[in-house]
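Both complexes below contain chain A, partnered by chain B and then by chain C.
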Partner chain A sequence: MADFDITSKVQDGMGPHGTKVGLLRVLGPAHVWALGVGIVLVGEYMGWNFAVGKGGAYAALLACWFAGILYTCVAMIDSEVTSTVAAAGGQYTQAKHIVGPLMAFNVGLYLVFAYTMLEAANAITAGYLVSVVATMTGYTGALDQRPFIVLVIMFLAWLNYRGVLATLTFNLVITAIAFAAILIIFLSTSGIVGGGIMQHAALFEGHELPYGWIGVLAAMHFGLWYYLGIEGTTQAAEEVRSPARALPFGTLAGIMTLLIAATLTWYVCSGVLPWEFLGDGVSGSVAPLFDTARLSGSTGLVWLLGFGTLFATLASANGCINDASRAWFAMGRDKYLPSWFGAVHPKYRTPYRSIVFLVPIALIFALGAPLDQVITFSILSGLLEYTFMPLNIILFRKKWPMGVIKRGYEHPFHPLPAITLLALCAVTFFAVFLGYGTQLVAMIGFYIVVSLWFHFRRYRFIDRGAQFTMPWPRPQGY
Partner chain B sequence: MAHYKPPVQGKLSQLIDVIVLVALTVGALFVPLWLHMAGSSKTVASPVAAPTWEALGQNAVQARQYEALGYTPETAHDLILARFDYSFTWSALVVMIVVIIAYYVLMLKFSEAEYRDVIAEKFDGK
Partner chain C sequence: MQTWDYIEYLAWGLSALLGLFMVADWLKTDTTYSEDVLTSSREGELEAMTEESFKG
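Now for the complex of A and B:
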């Protein structure tokens, strides 16, 4: 067994570059939970309802649960690998050590684009919310949402620039409020506290599966949106005090939180809103929980869910800036990207250049593309990443079998979660193909081109042996 | 194999690399949009000339919820009747499968070759 002990409670500097001049180790398990759930919870406030449009309300529920299985596999696999490869960059750094440089470069890009697109989607939603509030408070004109979109992205980038502890503590507070808002609207509209307003049977009548079973498959596309981003907890690996404990704990607690939140959200919204309205996230219900609150007749719920939606979008955008910048920073530090991006701020100890660089990228997408396209771009990057994970864990167990290196967490039933994850990814690829096949091919075309660019041009600037930074023994078979 | 010493990249070269990457990224999203090939739009196959809630297939509860949201049968017409078309050709499905598999095979093959160099240099000191 290697001398290096990931489970040590006294040894610091588990990241490959130590902590003396690197990122600051100040986070605990609650921050990891806040990072993961904070990124994802907005998926319950907007976006998931496109799954209803794809196949009807029942199809969205099935997609919710199957996507829940997919992400449970993701969380289990991720918890094992990242509790061992505890370094900024998350899955990128895992791929670098386990699969190879080109895979790592692709995974790094998946991460950056999934999070940057999600950040753009959040900013779009925040702009929409401001326009709704303006209308509700008596404004009669067409409010220009663009200044608010820019403001959201700039403010959160500034917060991230100034320090990770304040950023994720802010996330912890607003995420907790947004999650509590879901619990409160469930309790107050389902009949558990006060009178219930749920009308599932009447609202579903005649529209149980409007597209048949193919609609269930199609709904898997946006079913991912219920949970997309939970894997982002790994990006905090180099900034948590005890990665071997905090990362599995925060990640697994996060997916449990989200399974509850997603099911409650479906139950509440589908019991109040007609499926055609609920399923159209552009012309119908942009923010379904907020719309449900509007129909509840309670002014208090309207304000609570209004703030809940706003907080969820801010928490998600905030976490996305954090995660995308860590992945970009890690690639810069390894020279996969220009090394200029690999700098840490001397005072705030944040990857400030990466944070600033990604701001205009997010703005281009937030201001220039429709919401469903931005969401699809994010989902596709996430889907490619989830397809990598089964390959990653199978190779990880093969190259370093159990007992060769010490793991902070060992996930059970291997290789069942990997096989399940791969099968559900295949189903989701088909779901994407049904509606957005052109984007799928365009996106994979993009990754093929950048892969060739990396292999034949960029890779010449990278140290070979220096990429392998974990203190592990030689992988078996090499 | 001698220890590989990478060349130092100049600032201009770094800038060009970033521009190339950003241009490819923006292109991947916006080119399908500009070519109107993005997304799956819904269409109304059988419009209703004088729509009522009944004609739109809505029962009393569904109609009441639409009215509470501010809709009338006329304004809700397209929202209620528009549907996606999930028909596809098998050849298009085969193309997608081939593209996805080819991508992963390409990536794993190149990665494996690069990875062997990394391991050799790290553990053999080459």
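Now for the complex of A and C:
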């Protein structure tokens, strides 16, 4: 990295080429970790257990580890590219520089849809959790969940509006508590501290792979849920003090955290809850870690995991608002969308118009769409994004080989991670097709239609000469 | 009326307040500053400085 002080008041958010108001560079590696892990950790508290329903407990473990390999490749590739293309928009900005405008437009939409849908799903879940608390505290009526769903979205949007440092510091605290809760329930129930309650052998006997190997394949769909969103760390690129250091460090620490959290979660829940109950996330175990805590007989664990579930949900929604607004902002700044969205608040230094604009969209999905459909569209958008990544890194290394430009991080064994990622994406597409074929086809159809709109109607407004902002040499072969 | 009924109203009220704050501040900001200033953010400033240092 250069030896200039990018946190100085002279240069802070103010570049040397005439920028007047920019995003604020105040974040460190811990915030990057909190952003990535915060978005994802709710998947450990709920959702992953649908994989058990698809193929049994062992299938869920295999899906956990194969999805772990997929996301490790995602994290390594992302770390290299984004520590070099360190700008808001993350994968959208990468695609703009490395592949081209049409790919960038699509990737930008994948990002906004994936995060806004996930935010809506989290708000629905938070509303449900409040209703559970109401029932547990003796409320006898039917609690209206809508005010709590709306409050979650409005409060987190307000927090994001007011500044990125407070937003991601809040995420850091609640994510750390939610992760610590997983460690504590593992230590308390596995027999390491006190008496263990694990009964893996008894619960698995005769149910090792209830639907055979096709069940393992089908489980891959929900295996993504253990890690979906870790790639969101890249959206902080324009707001970290040292992108070349903080982004790879935060992202790779994040995926390691999630690999540990996912495996411990599977171990704890599958050792206590029967697979038929665990695998039914609608009328069975909605929140498996919380259910495990209840079966442990410890009131302290019940409270801890209850708060852990709520905190993980809030952290995820909070990170999603941050990421969706940065992607929308970056697209506006480049005129892929109206440039009006490319505004930065002069006091709070946040993309305030993008944050406010996405609030009603999240509310519409949170109040008007079924949870499973919202989650599926989020997963599909994420999966399309992961499919782009291997193509992106192969082109990146080909156009700008090692040593030509400065990279904050160089991922090892290229092109093995890219090929592995592409293969695992193909497997997961097939797994999604088995369960949600109609939605998959509908989503791809949607992106084809918007691509046509972009090509014939929107592309004319884009300033093509200003698209490439990185001061790199001409790519090889051009 | 039970406590949770009041909490529901409180949640609606807080949501409305937060929404009002954002909309009011948004309108105030848009009328105080020119569009050129608000949309003056540029991508790649830090990278330009970093790459200059890398080459130099």
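Basically, the second predicted complex is superposed on the first by the 458 of 478 C-alpha atoms of A that agree within 3 Å, B and C clash if a C-alpha of one lies under 4 Å from a C-alpha of the other, contacts with A are read in each partner's own complex, and residues count from 1 in each chain.
In this section, a residue touches a chain if its C-beta (ideal position, glycine included) is under 8 Å from a C-beta of that chain, and two chains touch if they have at least 3 such contacts.
Predicted model only: the values in this text are computed from it and were never measured.
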{"item": "Overlay on chain A: chain C relative to chain B, clash or fit", "value": "fit"}
{"item": "Partner chain(s) touched by A:139 [first = chain B, second = chain C, both, neither]", "value": "second"}
{"item": "Touching partner for A:239 - first (chain B), second (chain C), both, neither", "value": "neither"}
{"item": "First, second, both or neither for A:406, with chain B first and chain C second", "value": "second"}
{"item": "Once both complexes are placed on the shared chain, angle at chain A toward chain B and chain C, C-alpha, multiple of 10 degrees", "value": "110"}
{"item": "Contacts of A:337 with chain B and chain C, given as first, second, both or neither", "value": "first"}
{"item": "Chain B versus chain C as contact partner of A:291, first or second or both or neither", "value": "first"}
{"item": "First, second, both or neither for A:78, with chain B first and chain C second", "value": "neither"}
{"item": "Contacts of A:464 with chain B and chain C, given as first, second, both or neither", "value": "first"}
{"item": "Greater chain A contact set [chain C / chain B]", "value": "B"}
{"item": "Touched partner set for A:150, first chain B, second chain C, both or neither", "value": "second"}
{"item": "Chain C versus chain B - closest C-alpha approach in the superposed model, Å", "value": "13"}
{"item": "Interface residues of chain A shared between complexes with chain B and chain C", "value": "339-340"}
{"item": "Chain C - residues contacting chain A, complex", "value": "2-5, 8-9, 11-12, 14-15, 18-19, 21-23, 25-26, 29, 33, 35, 37-54"}
{"item": "Sites on chain A touched by chain B in the complex", "value": "53-54, 99-104, 106, 113, 199, 202-203, 205-207, 210-211, 214-215, 218, 272-274, 276-277, 280, 283-284, 291, 294-295, 335, 337-340, 361, 364-365, 368-370, 372-373, 376-377, 387, 391, 429-430, 433-451, 453, 455, 457-465, 467-468, 474-475, 478"}
{"item": "Interface residues, chain B side, partner chain A - complex", "value": "3-4, 6-7, 9, 14-15, 17-18, 20-22, 24-33, 37-40, 42, 57-62, 65-66, 68-69, 71, 76, 78-80, 82-84, 86, 88, 92-93, 95-96, 99-100, 102-104, 106-108, 110-123"}
{"item": "Touch list for chain A against partner chain C, complex", "value": "1-4, 6, 14-23, 25, 85-89, 93, 134, 137, 139-141, 143-144, 147-148, 150-151, 154-155, 157-158, 161, 238, 243-244, 330, 333-334, 339-340, 342-347, 352-353, 355-356, 359, 405-406, 469-472"}
